[in-house]
Amino acid sequence: MVETLADTVRVYLLLVRMWSRAAWAYRTSFVLLTVATAVVTGLDIVAILLIFAHTPRLADFTLPEVMFLYGTSSTAFYLADSILGTVDRLGGHVKAGTFDVMLLRPARALVQVAADQFTPRRLGKVAQAVTVLVVSLSLLDVPWTPSRALLVPLMVAAGAVIYGAIWVSGAAFQFVATDASEALNAFTFGGNFLTQYPLVIYGREWLWALTWIVPLAFVNWQPALYVLGRPDPLGLPLAFRFVSPAVALALAVVAALAWRAGVRHYRSTGS
Amino acid sequence: MRVYVEVALRGFRRHATYRSAAVAGAFTNTMFGFIRAYVLIALWQARPQLGGYDVVDAVTFAFLTQTLIAPVAVFGAPLELGERVRTGDVAMDLQRPADFQGWWLAADLGRALFALGFRGVVPLAAGALAFRLDLPTEPHVWLAFAVSTLLAVVVSFALRYLVALSAFWLLDDRGVHAIAGIAAMFFSGLLLPLVAFPGWLGAFARALPWAAIIQVPADVFLGEHTGAGLAGALGFQAAWAVILLALGRLVTAAAAGKVVVHGG
Amino acid sequence: MRAVDRISFRIDSGEVVGYIGPNGAGKSTTVKMLTGILTPSAGHIRVAGLNPVRQRVALARRIGVVFGQRTGLWWDLPLTDSFELLRHLHRIPSARYRENLELFTELLDLGAFLHIPVRQLSLGQRMRGDLTAALLHDPRIVYLDEPTIGLDVVSKAAVRSFLAEINRERGTTVLLTTHDLDDIERLCGRVMVIAGGRLVYDGSVDGLRGRVNAERTLVVDLAAPAPRLDLPAEPPGARVIRVDGPRQWVAFPATASAAPLITAITARHEVVDISLREPDIDEVVRRLYLGGLRSSAAAASSVGDPSGTDDPSETGGRSATSAK
């Protein structure tokens, strides 16, 4: 088990190195894309700053609080995106026949799809999100306790696993519906955009759905309520602030099963 | 002229073959419409009448602009032209006895028509079911909106055409495409209505061509412009369309020369 | 829809087998099942003692695959980078890797383009790169799907002599799908024909020609236009099938030797040039399928007809397939 995991990581890093070199082959695009990525991921925070230029509070949340939500959600999201965001191109690989080629290599298909087209510039997005998170932590006016402080890295890690599980499940779905990659964006990029804001702005019905159906509330909202010392608008018990890791684990298991089922039902196209 | 109609129809039919992708895209555009609507509601609850919109205008703006995303292809795939430059197939395109830019414009208009009809209507319809929207009641506003949307697609095409042509010099237009995408997202009003951009930033953004892609058609739809103001808004779009298309022709000539130098 | 149905065969270690059939007959489907890409809906497959789907990663270490129209190389990087990656993926010992790369570089003449990005290589160069990539880890079995498609004459020859060499020196089992009869004739001791998803022939190449009464053609260029050629009695069945000015076409059974025919013609006529045309493989297969053979009988006979030795303990490249 440990050896398999180590080997998986080794293969992933080998492929990442390969793709990074390939990205460097188009230098102008590489530099422009690096700049573009850094800027585009910063745009969401610019929007938040523009909103707070008009009002000191949004749904009763202050700018540092919204920045904290943005920082935790986006750090988790871009971590997952860096590691395996390209799995959303699975449908394209199936249609182009490149998935067949991956199946011929002595490495797990999921690792190969995840490392596919990796470029180091993805890490720039993480850096941007971490910066906002650090700034928000310095601005927040909360009495820091060990449990609050510990919950911050924990929620980022759990959030990354939740996003990763959504990505892999969405990729597995593309074994059935090869054109569905754009619908997956609603849950990944949409999920990230959604959780950058206090979930109360979406109203009780959406909040309920985001807790019980697509559990994005556990990416940052539930733990953040504890860190920020706020009551839960749905009145859920205190324990819910700490269950993100369990939710993440459960979703990861579901994603792994979905992926296995997808590969088993894979029908290669073309000749 | 007939040939361009044919090209446009082909563009339409080509994209019509990706119907399931269009459904997936419509779903995502709609979900983002809801998220953006709630964010704008929160902002307009804090600041009613911000930028001359009321909260219904703001919600309408959120869904309408999600409707426009696909036709104006703000985040869309780059023009296939860039790929053809990279592979060298463009040399064949340049031999065609039809206007090069006109050919690609026709194909893009066909694509936009499909995107509007099959994909774009979904977010607006879903928004209208869930919220009270400020839909135009007078026929002439719908007509003005149709003209404005057409001009928006042309301006967007002219910009993407310039991006694709950069591949003649850079070998690969993906980097430029990404940068252009960011500019489009920020300055078009998709990120936040330009009316909510403060002071000089707002004035600056409203003068740029990207305003002609999203913000202006949305304002026409919301009835923000009437009489001379409406003519001015459409004129603003038309002016950017003419300027950018003309620029595209200059660059095309330079690029075609480059192909000849390289011997096809 | 059934792509393949009731196909059953066994290949022994060290064999070179041609696998042919018209487009859409099920060749690629079979290869994809043998490599673990596709799961058969019914039936049983063992390759090198492994279940291809369940033990795909382990199998990938023991087989090499080349899809002629699809590359497994990194498009934007030189061949050496792709080879280095495979060295790590397959954990090839570095001495062995150097030895193999040196040998393949020599046999396939890769030296001139090892350091050029793959996207800039010609089709023939890329195919030679793909072949190297498929064989660097000393696989016991290689599958080649149309390895010579679209290649120039020089590249084709290089690919064929390379495969023959590898098979001879290392005993690598080769399964080759192709449209090119030359590939089969120069490499394969055995040929399997699939048509409409069924195996309709399994045996030697000559046997294949004989069974479908295929014909070869002599193209004779005379010094001047002449009436129909005067042909000898040997081989029986030889006849002029077309006359076009000074050029005439003579058909004769594929199993017969061309030598007496050529001798007789050159003795009786003033001949400028003679060339020999092999029967087109698609034509052979078409005849085979259209009733040159009782196809069901042929398929049945191949089931219990493993050629060569049948000792599982030493036949690494032994695969038996049956799929419905």
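Assorted remarks:
Think of it as A, B and C in the order they're written, each chain with its own count starting at 1.
By definition in this document, a contact is a pair of C-beta atoms (placed from the backbone, for glycine too) under 8 Å apart; a residue touches a chain by one contact, two chains touch by 3 or more.
Note that the structure is a prediction, hence the values are computed from the model and not measured.
Judged by the touch criterion defined above, the protein chains link up one after another in an open path, with no loop closing it.
Distance from each chain's C-alpha mean to the overall C-alpha mean is smallest for A. Centre-to-centre spacing of chain A and chain B amounts to 28 Å, using the average Cα coordinate of each chain. Our note on geometry: chain A versus chain C, Cα centroid distance of 48 Å, whole angstroms. Note on chain placement: the centre of chain B and the centre of chain C lie 52 Å apart, centres being C-alpha means. Multi-chain contact residues, meaning those touching two or more other chains, do not occur anywhere in chain C. Each of residues 26 in chain A touches at least two other chains.
Among the residues of chain B, none is found touching two or more other chains. For chain C in complex with chain A, the residues that touch the partner chain are 23-24, 27-28, 32, 35-39, 53, 56-58, 60-61, 65, 67, 70-72, 74-77, 81, 85, 88-90, 117. Those residues of chain B that touch chain A in the shared complex are 18, 20-21, 23-25, 27-28, 31-32, 34-35, 38-39, 41-43, 45-47, 50, 170-176, 178-179, 181-182, 185-186, 191-192, 196-198. Those residues of chain A that touch chain C in the shared complex are 11, 14-15, 18, 21-22, 25-26, 97-98, 100-101, 103-108, 264, 266-268, 270-271. For chain A in complex with chain B, the residues that touch the partner chain are 26, 28-33, 35-37, 39-40, 43-44, 46-47, 50-51, 53-55, 57-59, 177, 179-186, 190, 193-194, 197, 201-203, 206.
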